[in-house]
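Take this structure first; my questions come after.
A, B, C and D label the chains in the order they appear, each numbered from 1.
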Amino acid sequence: MKYIATIKGQSFEIDINEAGEILADGQRLEVDFQSVADQPIYSMLLNNESFEANVSSGESSVEVLLRGRLFLVDVEDERQRRLRETTKVGLIEEGEYTLTAPMPGVVVTVPVEVGQEVEKGENLIILESMKMQNELKAPRSGTVSGVRVAPGDNVDQNQALLTLT
Amino acid sequence: MKYIATIKGQSFEIDINEAGEILADGQRLEVDFQSVADQPIYSMLLNNESFEANVSSGESSVEVLLRGRLFLVDVEDERQRRLRETTKVGLIEEGEYTLTAPMPGVVVTVPVEVGQEVEKGENLIILESMKMQNELKAPRSGTVSGVRVAPGDNVDQNQALLTLT
Amino acid sequence: MFTKVLVANRGEIAVRVIRACRELGLNTVAVYSEVDRNSMHVRQSDEAYLLGPPAAKDSYLRGDKIIEIAKKAGAGAIHPGYGFLAERDDFAEAVQEAGLVFIGPKPSAIAAMGDKAAARATVAAAGIPVIPGTDGDAILTDEDLIALAPDIGYPLVVKASAGGGGRGMREVKVPDELPGLLQAARREAEAAFGDGNVYLEKLLLDARHIEFQIMADSHGNAIHLGERECSLQRRHQKLLEEAPSPIMDDTLREQMGKLACRVAEAVDYVNAGTVEFLVDGDRNFYFLEMNTRLQVEHPITEMVTGIDIVREQIRIARGRKLNYRQEDLQLNGWAIECRINAEDPYNNFLPSTGQITTVIPPSGPGVRVDTGVYAGFTITPYYDSLISKLICWGETRGVAILRMRRALEEYRILGVRTNIPFHQKLLNSPRFMAGQFDTRFVEERFTMEEEFDGDDNLAMIAAVMATLVTHRETQQAAQIVRQSERDTSNWKWVGRWERMQR
Amino acid sequence: MFTKVLVANRGEIAVRVIRACRELGLNTVAVYSEVDRNSMHVRQSDEAYLLGPPAAKDSYLRGDKIIEIAKKAGAGAIHPGYGFLAERDDFAEAVQEAGLVFIGPKPSAIAAMGDKAAARATVAAAGIPVIPGTDGDAILTDEDLIALAPDIGYPLVVKASAGGGGRGMREVKVPDELPGLLQAARREAEAAFGDGNVYLEKLLLDARHIEFQIMADSHGNAIHLGERECSLQRRHQKLLEEAPSPIMDDTLREQMGKLACRVAEAVDYVNAGTVEFLVDGDRNFYFLEMNTRLQVEHPITEMVTGIDIVREQIRIARGRKLNYRQEDLQLNGWAIECRINAEDPYNNFLPSTGQITTVIPPSGPGVRVDTGVYAGFTITPYYDSLISKLICWGETRGVAILRMRRALEEYRILGVRTNIPFHQKLLNSPRFMAGQFDTRFVEERFTMEEEFDGDDNLAMIAAVMATLVTHRETQQAAQIVRQSERDTSNWKWVGRWERMQR
């Protein structure tokens, strides 16, 4: 089966032939791939080179934590790729975005207000949890369309805090 | 629910009233009993005293490994106890006993032969495994009725080695 | 003399204190909140008492309840660990009034060092250099402060008198900002400590945070155990500490160590404490504050001195003389501590909670792991995010760094995100390796962003691993579909069977 | 100079060597048998190659294959660890012939010490006291030995010349037993080593087994790193070791240490090695044998000297001079090692195999755990039962013992049985605490049997815990019954639903 794995714009063509062999960018490699202790830790022997990484499928890409470095890898099979390429339009930056609490905590400040335009990376809310003040930032630019919490509020995990359009 | 727990002939009457309280030999004790990490390790707070032990149900009794000491505890509820007391007869030491290999290994010696009478604790077979010679002993006295292996044999775990009547 | 100690804390430090007690043959009493029933400290103690709901104010900050439990359990002493009640002079006082021993300094010493502005005054009076700033422990209004600011010079820092942990603190670059930031600092200080008083201090650039561990017994002996280099911080939270400091030499150590002891003597200090200094680029040093408790990073001092600091704390509290004289002490080798926090270094260091599913700690020569967690334990959002301290010792700084690198690479914690990759990156940075950093290094010169290199072999490896996992998941999903098809047919079969039975 | 090392071993010692290589910046090549794919040493190395089926003779003893892999992988050196190929002079020779470095002594030194009878002769010729026995390395017949026995005196021991690990060894109390036991010993030696030669030695009663760690470089420098007390054994397998020995003083240490170095020099020794002595009740000491390799118990010496022995081994193999001179060395504190084996101390120490489900290792100050296992790893019957070495250091023997006790209490390993309770019992025995034991202590004076005490509070606790677990299991079983009742009715419902759909 053929896959395209992409990291920061660089693509690797990876063909999983059968158990024990893959083709990576045309290079034939012997592979022994094992999960360790039934956990998302994987030990890989690739042409006898030994690698170990935490690998977990995130929402959009696969996270690989390897030798102290995090790689976000987008993996698609050929069919998915063709599909995406033919339907590629500017879907990003559209619709409403709801900021939810990544953990329970207390709202310290809400430095934005309804109607305000914000840039990507701007602080939307400061949430105190685990004795730390955590800045929740805008994942994209947009306009604040709703603020559902006020400083001092106790919030639960995943509670909606603020919306952005 | 009432239980009788016996360790080396000493019996304890333990009454589990409800969550959070027990009566041990008439003494009322507050108990908080938790398994740790879903393993057979248990943490117990008994009137606020903290104990932790490995507890596992063996074939006949419950094994409690507590502060470096192993206790073999026989636990019965009242019904079981009454049943046993009325039907108590010399059932022990009867029937055929089959010695099986506790682990894979190589038979080193068989110091007994068919027809030989053996005492409890006598060596029946020496099995080499994990670089050690392990003495497999008679669990009771009896007569060797069959020997199924010879020195040098490779045996699998649970393979029958010898019978005793 | 007490033989039972109540440990008024949780997490790794409670475990640390329990270990020291055990090794002294003392019984221990743990206290815990509702979410901490299965904590290591509860499991390892001889007795354990529930304090209340998870929030610290309902549990670990309930000094009254803790003293009551100590009396009920017959504990003769209370060890506060760090944080929570450790630097509350009213708690220390109440412990003594209850007829118990507080394993720490006298309430008066805690109070004297607790008000940061007053401490500056006390220490300056004893002839110790302090950072230029507003003098004395008088309460100053905004107008006072604005008037005094030009004498101190810019940039400067507004600090909360009752402060700690960076709260109620603001950096001021130009005079115009001062009025607004004074108010912000006061508000934050009021919220955090119930005390809105602030003072001004000159902002030292290129400064290092260097602290001295001191120990004093009740017989008038005070010694220092050398310094710790704690400049690597993020938002005033220490992340990596080492002992000794790369910039230290014997002369400076002796000079600063002596002054640290003098600071302790100025407040009649007993037990373990830490005197913090800022050291500027010209090796001028200034008293910053004194922490009147056991420090998170005490193990690195233990590794290079061979002294069990917690055991000494308990011995001192029992009225014993110090086991060591200053001239007996010798620093041996180098130690580094990495604080392993449950937080995501790739997402603005956001705390991470959840159940830990796997822990494979590093070990081998020169490696120590102090932790309160294990596989199966759940990290809750109620307390700080420190889950483990990884400490490595080596004969030289180089050996310690190499050992820490391999230990970090070996460490596996799953279930929550950790800052291990941060430490790995930090330990690989040339400036860290060269020992060239100051307190602003992590925030200003360090980033987790990768400069992506086109022919990076590791990227290809990551791509292969991600693909293999995706492939597996696809295969398994397909199997589950097939499985449920079979299930359906089983159900059909059951249906048929039932119809036949009618 | 080599930059890549093949580690020809498995388990904790392979991990130990890999760690040392990493800390030196050297790449590592692991080799593994079919059951060891997920071993720690495979996971931690830079490269890994399959050797073959599980049995050692098909995998870790395949010297030819290992050398071939080293060449293929471009490894410049091979570290043999202990056991397997570590003391095979033919392997060391083959490694050198292949143009690779053997990290260990010269083949000639391994050979000289490998034949125990020849080693006795060599060492005696160098003026070192040996245990009275048959002299020289000549091959002796039964008649020769029976004729020589009266000169040696009874009790005596028959030992295999090629011996090790207690095989081919018989104790003889009276002359009548000698002929029969000679034959038994020869048979066993022939089977174990392919060499039926034996020799006689006087049996020392009340003897201690004390060994000296030595290190020698290729520049003619040899030093000793002090002694280890290894008397606590069962069936000639060491169980607990400590450094220093409770019976040692500076004078005796200097004297024995010098002789140990002289033994090494007598065979032109290079790299790390251990000279074993027996010391009798009158402190007379006799050369026993020399182990020409890294020893299992090397960490206790590392703890009291601060020297990383494996790193020094690699440095020496790279042609470097020793980093230390004899006069620089200083023993600091006390270290104890408990060998944690997968065996059942309550059932005749029978080995235990299976998957390890949980590991919670002890940690904190002065605690080191060297292991090759983790939760999820399976212990197979193919190799020895050592799963971990727990090493504790303290300023004094007393502190080290107390620390080891608390560490053993903390250690949780589930899935296989371990001898942790044996160590706990041993550490509580008054004779151990007093340091009064000899090589026969464990077998002759120690038992796991409990003297059961009627009002033993722990028994009541155990009874309560057993009852609570039984109660839970009964409740759960009842629930499962109820559950399956519900399942059945679901099936019925499906059947009904299907009928409706017709």
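Methods note: a residue touches a chain if its C-beta (ideal position, glycine included) is under 8 Å from a C-beta of that chain, and two chains touch if they have at least 3 such contacts.
Since the model is a prediction, treat every value here as computed from it, not as a measurement.
Comparing the centres of all chains, each the average of its CA atoms, the largest separation from subunit A belongs to B. Computed from the mean C-alpha positions, the centre of subunit B lies at a distance of 47 Å from the centre of subunit C. The geometric centre of subunit C is 39 Å away from that of subunit D, both derived from CA atoms. Per-chain Cα centroids separate subunit A from subunit B by 52 Å.
Of all residues in subunit C, those touching 2 or more other chains are 44, 358, 374-376, listed in ascending order. Counting partners per residue, subunit A has 37, 39 as the residues that reach two or more other chains. Contact topology of the protein chains: irregular, matching none of line, ring, star or complete. Contacts between chains, counted with the stated touch criterion, involve the pairs A-C, A-D, B-C, B-D, C-D. Every residue of subunit D that touches subunit A in the complex is listed here, in rising order: 30, 37-38, 42-49, 73, 374-377.
Looking at the complex, you find that subunit C touches subunit A at residues 165, 235, 237, 342-343, 346, 348-353, 357-358, 381-385, 408-409, 412, 414, 420-421, 424-425, 428, 450, 452, 454, 458-471, 473-474.
Residues 1, 3, 5-8, 10, 12, 14, 16, 22, 24-25, 29, 31, 33, 37, 39-42, 44, 46, 51, 53-55, 57, 61-62, 64-71, 73, 75, 77, 102-105, 129-135, 137, 157 of subunit A are the ones that touch subunit C when the two sit in their complex. Those residues of subunit C that touch subunit D in the complex are listed here as 15-16, 19, 22-25, 44, 299, 302, 306, 308, 332-333, 358, 360-361, 363-371, 374-376, 395, 399, 402-403, 405-406, 410, 491-492, 494-495, 497-499.
Note for the complex: subunit B touches subunit C at residues 32, 34, 36-39, 43, 45, 48-50, 52.
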